[in-house]
């Protein structure tokens, strides 16, 4: 039974994402829209914007991730696909890993790719761009993995979206702190390898532990 | 039936519109290319460089016409959308939805050329100036209309939903525009304004010509998209089958 | 294939039905009958391992089961063919006979429609088509006849007959009016739970 | 047929909200969590926080509204209740008004009530509190009404959440600008009646026009 | 009560069925029959005014209709009684006979359960209970028998008989196997659309 299902599942989920390709753009557009609210709310002064740039970009990335998390297992749960996968006897942990991977490809990777544009918008000081991209690249997969635990726990609840954000934001706090501190160090021309190292360590830990937690949560939700 | 009403109905009849558009499109392209070539040649090669901005001012000949188009296409899209919602004219639904990507493209061109222009003149790709901000919001409005349209799998339903959204957006555009202008002047008096008050005639004429060419481009592009759509949707009908097999034009 | 001993599930600390003893062997067809609300769906989900029994034991032979519940497990955005291809891959079955199965279930015309645009009966047929693509030896079907027209019911019976001939087994719930006419079946009537005096 | 349905509908929706009363707290908690991310992401300096306080509170209010909007008509649509209401012959515009009212009571009003706490958290300058509460009280009903248009348009789509935010954020721009400018004027001891007046005018306009748009969108979605 | 003239609906620019001419008078029971995917649900939604016809006309007498679709219109978080009380208020009907209706439909035991915990058949019964609480003179029912057990089917027939006796009319879809045994009915078999040559 092993890993044979992973490829079809990956293919199916990417196909589904492609079917609704306008929706593929949505996490991106959401990010753009949220980031652009800040100048409107805070005022267009470039100094203030530069000062809060990292925080805003990372918080927007967090929000974009959380908003897209709710759908991660929901449609599979509601249309009965999840039951089918559970009955098929495949390891749910591997299935969870694939789901988190697809989520990152669809919602996380675009954020990484888009971050230079956001940096220009928010007037991020020059030296910070590299650290921003690196922190996003290392941090967003962890966001997807941790978030998937919350999504799995809330999938059987009617309106899981907000509960979900309550569950996962506390888990995201360390990532947010590490990442923003990496970028601020970079803009101050300080070394920031330490923070990136910790982010990488977090990613490895999440990769090994989160799938099991997700699988247990899914089983619970199905009962 | 009054004359106006008859024309209206004729316009809504797919085979008639298909044939009429087919006849009109080559002429539109012809005028568009002639005017575009003339205006760009004049603007990019002949017109004098700006005494302040130098050669970079030539971006204006792309930037300003697309900025004008970005708003006027939204207005047209909303008008088509209104006809679609009130009279259920399929042709109006198609034309409203065909307008959206063209308008979004012009908006994007405005933003990109503006950013590229901003680098040499303002020293930065982007500032939260009022005009820039409202152009960005306009892009979001277009993306919303297109996203909503394509999210439905029944095309007519998607078109009507998006038309409704475009009308709501139309009501809001002036409000957004004024609030943003007011916001920026309030927060940041004397910001880097876009100075368009005194354009020398030697620059104004090529600008107007390119702007006219852009209008013809829109017409030609819109009708081409409409024709494709009409053919696709009516593939079961006799007139469409006959046209495809070369029976009639 | 499957054996349950005093299987029981509580909802709100109240057993849904009297403890169930059931032994299903290859080639057997079991009908689970009972009034609306008797607990048929609950029992089938227990047998499929989707719910955990409050007490009692459940033994299942190695090998996969095929489950068809009230939720059909179709992805609304995928076409009929894509749905079936995934189902085949999931259960390690064979994707080749998809076309034949579709013809058999009279879905060939709709095979490239997205599942969301199908009618209730067409959707049911698509879910049933999965059955003949899996190598599962035990089928657990919850009201397989619901929403089907008369020819659809016939196809289900034919599928069942083949499956049983091949040594497979099936447990299905039904409301009594429709029963497979030409197949031998055994009945498990669900008994209401009675509090011990 | 007139308005007789309004009361039962209002009662039913409030009862439903009460049934899931833990979920009642969610918009609030979401708001608190989002606002508390900012000191984490931006750094705890009180000057910077004070400078961005209004913007952050209002943007968080916008986000909390949008996140709760998706469920506004969705469950009614999916379980067929909306069909029942549509068939009953009652004016859908009135129904829409009731729904928007319930949404505001559940998601908007708590924000207004909670705003003093947020103001303290974010170190909002003293003079601004009155203007903040007033701007939220006048602005959040408009957010609910405009947002309901987007919710009605996307209710028949599978994952409307992000598309919804794309549709409604542009409409929220003027409210955000007016509200934050009112509060900044107040903290600078300038008059801010003008902005509040415009917010009130926007509310009146939304009250008269939005219900029709919502009704039309709902009818379309049901087709 | 209801009259349609050349009623037609297109999906993806393809008519779903041949144009429908139908005239329903008080006291009449119409069965809409057709294979899976013929367009029964589509037609009933058209008649209920939930979808807009692409062409053709539909005239309906003033007064409300009662509609029962594949989605039952129950709020999962409300109890059976609360659901019915709201339905009565919505249609301007009478909330008093709720208790009697529940007994008739054998739902009295479950009357304070949340709708989400009901079985498929109990949910259907709850939706059917709505019918006897509304003053609607025209009932539009999509597969009212699906998911019901034999006693449930009998209750539906009894409800129908009363409604027709009182001068009401009903249009319902069915798959043929189950037809009201003791009532006179007329049939509208849905025809597939054929492209004009």
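Letters A, B, C, D and E name the chains as they come in the text, with residue numbers starting at 1 for each one.
Methods note: a residue touches a chain if its C-beta (ideal position, glycine included) is under 8 Å from a C-beta of that chain, and two chains touch if they have at least 3 such contacts.
Owing to the predicted nature of the structure, the values given are computational and were not obtained by experimental measurement.
Colleague: Enumerate, in label order, the chains that touch chain A and chain E alike.
Modeller: Expected: B, C, D.
Colleague: Where the centre means the average of the CA atoms, what chain is farthest from chain A?
Modeller: For chain A, the chain whose C-alpha mean is farthest off is E.
Colleague: Taking mean CA positions as centres, which chain lies farthest from chain D?
Modeller: C
Colleague: Going by the contact definition up top, give me the pair of chains with the most C-beta pairs touching.
Modeller: Contact tally peaks for the chain pair A-D.
Colleague: So what's the Cα centroid distance for chain A and chain B, whole Å?
Modeller: Whole-Å distance between the two chain centres: 35.
Colleague: When the centre of a chain is set as the mean of its C-alpha atoms, what distance in Å lies between chain A and chain D?
Modeller: Measuring from centre to centre gives 25 Å for this pair.
Colleague: Need the CA-centroid distance for the pair chain B / chain D, whole Å please.
Modeller: 32
Colleague: By residue number and range, which residues of chain C touch two or more other chains?
Modeller: If we look for residues of chain C contacting two or more partner chains, we find 70, 76-77, 117.
Colleague: Of all the residues in chain B, which ones touch at least 2 other chains?
Modeller: Within chain B, residues 140, 143, 147, 151, 154, 180, 183, 187 contact more than one other chain.
Colleague: At least two other chains touched by the same residue of chain A: list those residues.
Modeller: Chain A, residues with two or more chain partners: 20, 22-23, 26, 29, 33, 40, 43, 75, 158.
Colleague: Using the touch definition from the top, list the residues of chain B that touch chain D in their complex.
Modeller: Residue list for chain B touching chain D: 85, 137, 140-141, 143-144, 147-148, 151-152, 154, 157, 160-161, 164-165, 167-169, 171-172, 175-176, 179-180, 182-183, 186-187.
Colleague: Which residues of chain C touch chain B once you look at their complex with the stated criterion?
Modeller: Touch list, chain C to chain B: 114, 116-117.
Colleague: Spell out the residues on chain B that touch chain C in their complex, using ranges where they run on.
Modeller: Chain B residues touching chain C: 153.
Colleague: Which chain E residues qualify as touching chain D in the complex?
Modeller: 48-52, 64-67, 69-78, 82, 86-87, 89-92
Colleague: Which stretch or stretches of chain A touch chain C in the complex?
Modeller: Residues in contact with chain C: 1, 4-5, 7-9, 12, 15-16, 19-20, 75, 78-81, 83-90, 222-223.
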